[in-house]
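Both complexes below contain subunit A, partnered by subunit B and then by subunit C.
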Partner chain A sequence: MNQELKQHVLKALSKNVRYDGRKCLEYRQVSVEYGISESAEGSARVKIGGTEVIAGVKVETATPYPDTPNQGNLMVNAELLPLSNPKFETGPPGEQATEVARVADRAIRESKAIDVHKLVLKPGERVWAINIDICSINDEGNLQDAATLAALAALKDARFPKLTEHGEVDYDSEKTNEKLPLAREPVEVTVIKVGEHYFVDALSDEEKAIEARLTVGVTEKGTVCAMQKGGDAPLSVDEIDKMIEIAQKLAPTLRKAL
Partner chain B sequence: MTYHKRFDGRGFDELRPMSAKVGIVPRADGSAMFKIGKTVAYAAVYGPRDLHPKFMQNPQTGILRINYNMMPFSGHGERVRPGGSRRSKEICMVMQNALLPALNLKEFPNAVVDVFVELPQTDAGTRCAGIMAASMALADAGLEMKDLVCAVAAGRVEDKIVLDLNYFEDSHEDGADVPVAVLPNSGKVTLLQMDGEMTREQIKEAITKAKEACEELYELQKKALKERFARE
Partner chain C sequence: MKEELHAQDKSIVIPGEALATGMSFLPGPGTYREQETILAQRLGMVSVEGKVIKLVALSGKYLPKMKDKIIGRVIDVLLTGWRLDINSPYSAVMTLKDATSEFIPRGANLTQYYNLGDYVVCQIVNVTSQKLIDVSMKGPGLRKLRGGRVIEVSPFKVPRIIGKDGSMVTMIKQATGCDIVVGQNGWIWLDGEPEKEVIAVNAIKKIEVEAHLGGLTNRMSEWLEQQTGVKVQPAGGPQ
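Let's turn to the complex of A and B:
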């Protein structure tokens, strides 16, 4: 870790200011644009300040997993594209991409945002498979919160495709008007701790100074549906409680952009 | 068979509606977007920068490396699995050859200029759209260039030579597809591929028409680059 950079970030935080003039618990401007890829069954672009992420949903049919014969399949994948950050490389997903995907997946899956029981075409034989792919376009920090929001927005935008007589997806026809069974709206807020300071929506430079972070999935009811601790500093129970409180307070800021 | 009217109602020499924007990825050294019909290409340039693995370094000159990637949800049919395929590998190679003649990388021995081309939605003509975006992104990165590079697909559908084929024309069983890239100032061709059958006369007609269309593409690229620098 760059010690000088960390000192610099700490000094600014002790005055409750950020590199870009924000307060500690303030997001950059959040915007959501729907339907940005006509090839996908649903898609969205999320911008948090200069950070930009797009997500697309592909809806296919598949055989259900043997242990869940009466549930549809749901998958979240993230591609941290080398286009979006000079540090990202081509090739299979690295540690960060895997974490972003799994943590976004957790919020959507565990909040039961998609009712997978309503994705069954023929019990035990044929179900809908919902594939969500998140792609980073410009990384200026806080990809995680942007990624989860983009995944949810793409799900909101998605419509089922038509099926042929043989039960296969008919990609040549227009989509139907039928939305996916979206029951909940989970978003994720990543709260960061450096020294005694807490802040959200880190810029790339601030991310380099992170001691501990906690990503918290929050539903529209304010309940917590997923968590992921990151960073190498340990946290006390009170600190964790404080971070959850911050996430619950700020989640509506993100949801409002939907 | 006679192809009377194009599936989407265009004239045989007519390109789909286009737009271009330079400077779409602030973190990159240069970037651009090009849209033609439903095909959208983003390109970002990083470099010149250190090249790894080291054995790829060339002490005589910098090298150009293109990475072409369809986003998983960008295909016409099912999800495209992430990661390279035989197809994408070949496209990277031909795009590299198409763009390199416009560059002078002699001043950057052992270095690489990386160009990442990403497609969020596609409707045929992706390698040409990728070249269009990459060419603008390279110029945006401030690299020394002898020319821009313009590209469009020509082809045959039944008895007609057509420009800028869409997915349904591209996959028509009685037809051929000829992607062409041109250096607009010299008129030289830097990308040429063909799949499908055509006579020698038809090939000449297709390449000539693609070259003519490149004038329009060149104007669009110049306009987008000027707009980018007018913003600053």
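Let's turn to the complex of A and C:
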């Protein structure tokens, strides 16, 4: 984006006007649709305005990691599909895809949203592995918040599959009615700072021009469980406090869509 | 084989739909012949003119046409010019000669005239059969676009956004006080006060959605008045 176009975005933001006419601390319309995939154990589609993300949960059995023999495995992976943005390419995940996956993972893992101790089949030998896959369908800005919300929605939708008598997963028969042990429900709110103003839910054009952003993971009790700072501009402690406050205030609006 | 016309004049057809059978019919733009049948190439409206069957496309990407005024974005600086993205499957080239009336000394740094990511209003001066496109900056209103923002609309809705003799876009300009440049390729550049710009963008989006409905000019003038409080004249363009 060239410098003059960037200045134009910043000028609008510094006058508290968004490119689509929203208020600065307002989300676009958020909607969640559950059970969009037959083959996944849990799935969801999240739309924030024109941004659309789908997530699927695959539940399988695996050997635990050597350092956590009494815990189930949790993995979050994100793929930013070329169809969602002309800038995205096929091939190994790039910087943004890695960030989206890791930051979503951080909110789910660090809030202890899934009680991994309840995912043990045989200590040290066999545990449940929860794989969350996030795919972007359309990128009109703020993929991160949409991705985390989709991951959480897919987890809420997920049911354990049946096991055969040999202890293997039987994907051919119906799923059980047992839900995943979801202890908390973290969502992420990305707060952007331009000049003296704070914004949430950036559009693509706004995202290209911003200088500092802070993604904050918030549980349903308002507890902060994850953070990620982005952009070149530094943030002071006071500014971070203010951004966290905004995230805590706005997290319920995202959670309402669940 | 029987000579037969399958599609009515002004009917909407989808790609691959048979329009006519028989060698006496001729495939016009947007159609093609397969054996004895004439088929539609795109989604669009059929127009039958005698034995010639034409198709007016209603959707799809912009296809470059001579003398179109378009908005381009610089994507490459060449040895003797610039390559532009013109929101089309093909890119355009602007040569030094067509770029500016200024004297450009040998070996000059071309990025000081147009740099990567800059937007320009230009005019298509040549389109070859191989879709090599030449554009020029020489002509009234052709210039580099500074600041502002660019939005994308369907290139097939552009005539409605411009209106008869530019009446629609003039109305939006009057109501919002924004500078607006509408490119035939579906890119629209706007610059104005942030709040007014949002109204202008919403107006353009509204026109795009309601392009097929009648009485649009009057409805837009009412809508704009309600949004901005500025009374605008619906009829007539620049005198």
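As a convention for this text, the second predicted complex is superposed on the first by the 257 of 258 C-alpha atoms of A that agree within 3 Å, B and C clash if a C-alpha of one lies under 4 Å from a C-alpha of the other, contacts with A are read in each partner's own complex, and residues count from 1 in each chain.
As a convention for this text, a residue touches a chain if its C-beta (ideal position, glycine included) is under 8 Å from a C-beta of that chain, and two chains touch if they have at least 3 such contacts.
Just so you know, these numbers come straight off a predicted model, no measurement behind them.
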item: Subunit A: partner with more touched residues, subunit B or subunit C; value: B
item: Contacts of A:E38 with subunit B and subunit C, given as first, second, both or neither; value: first
item: Which superposed partner A:N77 touches (first subunit B, second subunit C, both, neither); value: first
item: First, second, both or neither for A:K11, with subunit B first and subunit C second; value: second
item: Partner chain(s) touched by A:V30 [first = subunit B, second = subunit C, both, neither]; value: neither
item: Contacts of A:N85 with subunit B and subunit C, given as first, second, both or neither; value: first
item: First (subunit B), second (subunit C), both or neither touched by A:D20; value: second
item: Partner chain(s) touched by A:V200 [first = subunit B, second = subunit C, both, neither]; value: neither
item: Subunit B versus subunit C as contact partner of A:N2, first or second or both or neither; value: second
item: First, second, both or neither for A:I137, with subunit B first and subunit C second; value: first
item: Complex interface listing, subunit C residues touching subunit A; value: 115-119, 146-150, 191, 194-195, 197-199, 201-202
item: List of subunit B residues in touch with subunit A within their complex; value: 24-28, 31, 38, 40, 42-44, 46, 49, 67, 69, 71-79, 82-84, 114, 116, 118, 120-123
item: For the subunit A and subunit C complex, residues of the former touching the latter; value: 1-2, 4-5, 7-9, 11-12, 15, 17-21, 205
item: Touch list for subunit A against partner subunit B, complex; value: 36-40, 43, 50, 54, 56-58, 60, 77, 79, 81-86, 90-93, 131, 133, 135, 137-140, 169, 171
